[in-house]
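Every chain is named by a letter (A, B, C, D, E and F) in the order it is written, and numbering of its residues begins at 1.
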Amino acid sequence: MARSMLIVSRQSPWSGPGAREALDIALAGGAYDLPIGLLFLDDGVLQLAPGQHGATLQQKDLTANLKALSLFGVDKLYACARSLADRGLANTALAPAVEILDAQGLAELINRYDQVITL
Amino acid sequence: MLSHSPFSDGRLASCLRLLAAGDALLLTGDAVYALAADTVQRQALELMPDSVALFALEEDLQARALVSLPARLTAVDYSGFVDLCTRYARVNSWL
Amino acid sequence: MKFAIALFSAPHSPASRRALRFAEAALAGGHEIVRLFFYQDGVHSASANIVAPQDELDTAAEWSHFIASAQLDGVVCIAAALRRGVLDAREAERHGRPAANLAQGWELSGLGQLHEAAQQADRLICFGGH
Amino acid sequence: MLSHSPFSDGRLASCLRLLAAGDALLLTGDAVYALAADTVQRQALELMPDSVALFALEEDLQARALVSLPARLTAVDYSGFVDLCTRYARVNSWL
Amino acid sequence: MKFAIALFSAPHSPASRRALRFAEAALAGGHEIVRLFFYQDGVHSASANIVAPQDELDTAAEWSHFIASAQLDGVVCIAAALRRGVLDAREAERHGRPAANLAQGWELSGLGQLHEAAQQADRLICFGGH
Amino acid sequence: MARSMLIVSRQSPWSGPGAREALDIALAGGAYDLPIGLLFLDDGVLQLAPGQHGATLQQKDLTANLKALSLFGVDKLYACARSLADRGLANTALAPAVEILDAQGLAELINRYDQVITL
C-alpha cells in the first residue's frame, strides 16, 4: 500500500514562492494518486482568505493552484483553528473549504500519516 | 519600514519599541497583515501614540484584500513611498 | 533502514551542513539512502559556482564529493532550480542562458522524484531553515 | 526537529502545541537556544509532559557554550540523531 | 534628492520587486540614484541564470534592463556573490568555476562601494526580507 | 563632514553568514574612517555571549571579527537591554564590552545617526 504524506504549509501566499512550492508537492503527489493530506498552519492559513488578487503585485495568486487540488485528488484539507483566530480569520468563509482542527486534532492528524513535510 | 508577517516573527514588536515621537511606520509586504481586524497586532498599531504616523503600501493592501482599515492609516503608492523617504531624515528598513 | 533526505536550504545555511553530516552518519550506521532531493533554496547546495571563503567549510563542494564517492542518487527539483538560477547544460541551452552551473553528480528532475523516494524509504528526513 | 531561534520566531510555540504523548523533540541549530537558563522558552520546555522526550544536537550545544542544561535533556551526536529517526515512526522537521 | 538603494533579497522575494519599483518611482519623481548595491541574498537578483516561470515576473531580468536603460551604477558585493555562486568572467576563471553568471550591467566590487554611495546620497534605502 | 551610519545586527552568530556580513559592513566603514555605530539587537546580542566556539560546527566563530572592530576604529558598540534579558544574558559579562540601552536609549541612538542599516 502506498505511504501517505501530510504536507504542512506554513508560508503566507505573498512572501515568495514558498506557499506555491508547498502546494506543488501536494499536486505532484495527487498526480501519482498518492494519499496526500494538506494542513494549513500558522501564516499558511492566509492562503485561504477570500478575495485576494495578486495582479497588483504582478504575481499570480494561488487560487488556481488551490482549486487544482481537488482535480488532482487532494481533498484532505485541514487548517489550524488557533492560526486562523490569531489572524482574525476565525469567522471568515475560507476557500477551498477545509476541516478546522484544534491542537489535539492536529496532533492526531499528524500521527495518521506515514510521512510529514513541513515548509 | 517593515515587510515581514507580524504573526510569525518578532520584528513588529521589536520595531514598535524603537519608535519615537515624530517617527513614521510604513508597512509593506506581509507586514500589512498587522492591519487585519480582530488581531493583537492591529490593536498594538492602534495604541501607538498619535505622534507616530502610520502608512502602508497600497498594492500590498489590495493583494491581500484587507478592509476595515484604521482611520489613522494612509495608503501610499510608490510615488508616495519615495516622497515619504524624502520627508523623514532617515529610513530604517527592518529586513 | 532506508532514508530519503530532502534539503531546503542554501549551502551557507547550517541546515545544509547538518543534512550532509546526517547523511554521512546514516551510511556509516549501515543504513541506505534511497535518494537526496534538493528543493527550494536547497538547489543552491548543488551549485558548482559557490566559492566558499577560505576559512569556511565549502558545503556545496562537500555535497558533490559525497554523492560521487557514495554513488548516491542526487536529484534537484528542476522548477525550483530554474527559478533560482541553477541550470544544467540542457536547461542553460534551452533558455539561452550563459552558463550551466549545476555541480557534478546532480540531476535536474521533477517533484515526482521526491514522492518516489518517499515511497521507497522507511523515513523521509527534511532539513531546512537555518 | 526544530532548527530556528526560539526568540525571533513562532516555530517553537507552534511546534510545542502539536506534540503528543510518546513524541520526542530534537533541538538543532539555533533552536538549542531554547535551553538557555532564565528564559521563557526554557520554562516552556521544562513544562512539557514527561511523556515527551527532549533531545539536542551536541555540537550545537557546544558551539553556543550552553550549560546548566535541563535534567530531562539527552544530547546526541549525528549517530544518535540517525538512531532517533529509526526509533520514531515519522520525523517532522520544522523548516 | 540623491538616493542610494541597497537590496538584500533574492529576485523571487517580493522585496526585490519592491526595490525595483521604488527605484523606478524615484527616477520618475526627478530624483537621482547614486548607486544600487546588492548584498547578501540580493546578489541572486543580479544572476543571469534565473529562469522565471512564464506566468511570473522575471525580476532579475527587469533589474538588468532597468540599470542598462537608466544607465545606473549597479554594484554587487563580491564576497557575498562568491559565497552564493554569482560570478563574473574574471572570478569564474580565477576560481576555476564552469560558468560566469553575473547579469549584464552589474559589477562585482567591495563593501567600500556601499559606504561611498551612502556618503554621496541624501538617503540610504534598504530592501530585504520578504 | 562624513555621514554617520548605525548598523543594527539582529542575527544570531550561528544562523548562517548574516551576522558576519553585518560586521563586515561595520569593518569596511571603519577602514574608511567613517563614523560607524553598531547596535546588537534581538538575536544579534547572542554574538556577545562568552565562551562560544565554532570548531564543533566547522565554522569560524565571530570572536576575531568582533575584536577587529576596535582595531578598525569602530568603538561605538551598543546592545539592547530587553534583547539580553529575553535571552537570559542580563547578568552575563559580554565580549566585547558594549553600552546597554533601554527602549528610550535605543530610539535616541537611532536618531543620532544619519543612516541606518538593520540586518
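The rule is short, and it goes like this: contacts are C-beta pairs under 8 Å (C-beta built on N, C-alpha and C of every residue); 3 or more make two chains touch, one makes a residue touch a chain.
Fair warning: this is a prediction, and the values are worked out from it, not measured in the lab.
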**OP:** Would you pick out the chains that touch chain B and also touch chain D?
**Re:** A, F
**OP:** In contact with chain E and with chain F at once: which chains are those? Just list them.
**Re:** B, C
Original post:
From chain F, which chain is the farthest off, judged by mean CA positions?
Top reply: A
**OP:** Going by C-alpha centroids, which chain is farthest from chain B? Tell me that one.
**Re:** C
Original post:
Which chain pair shares more contacting C-beta pairs: A-C, or B-E?
Top reply: B-E
Original post:
In whole angstrom, what separates the CA-based centres of chain C and chain D?
Top reply: 25
Original post:
From the C-alpha centre of chain C to that of chain F, how far is it in Å?
Top reply: 33
Original post:
Using mean CA coordinates as chain centres, what's the chain D-chain F distance in Å?
Top reply: 27
Original post:
What parts of chain A, by residue number, touch at least two of the other chains?
Top reply: 10, 12, 14-15, 17, 42, 57, 59, 115-116, 118-119
Original post:
What are the residue numbers in chain D that touch two or more other chains?
Top reply: 4-5, 7-8, 10, 29-30, 90-91, 93-95
Original post:
Multi-chain contacts in chain C: which residues touch at least two other chains?
Top reply: 8, 10, 12, 14, 56, 79, 83, 123-124, 126, 128, 130
Original post:
Every pair of chains that touch: which are they?
Top reply: A-B, A-C, A-D, A-E, B-D, B-E, B-F, C-D, C-E, C-F, D-F, E-F
Subject >> Residue ranges of chain A touching chain B (in the complex, touch as defined) >> reply: 10, 12, 14-15, 42-43, 46, 49-57, 59, 61, 86-88, 90
**OP:** Over in the complex, which chain E residues touch chain C? Could you list them?
**Re:** 10, 12, 41, 44, 47-53, 56, 60, 79, 82-87, 91-92, 95, 97-101
Original post:
Across the complex, what residues on chain F touch chain C?
Top reply: 12, 14-17, 57-60
Subject >> chain E-facing residues of chain B, complex >> reply: 3-5, 28-30, 57, 77-79, 81-83, 85-86, 90-91, 93-95
Original post:
Which positions of chain A touch chain C when the two form their complex?
Top reply: 2-3, 5, 17-18, 21, 24-25, 28-29, 31-32, 34, 115-119
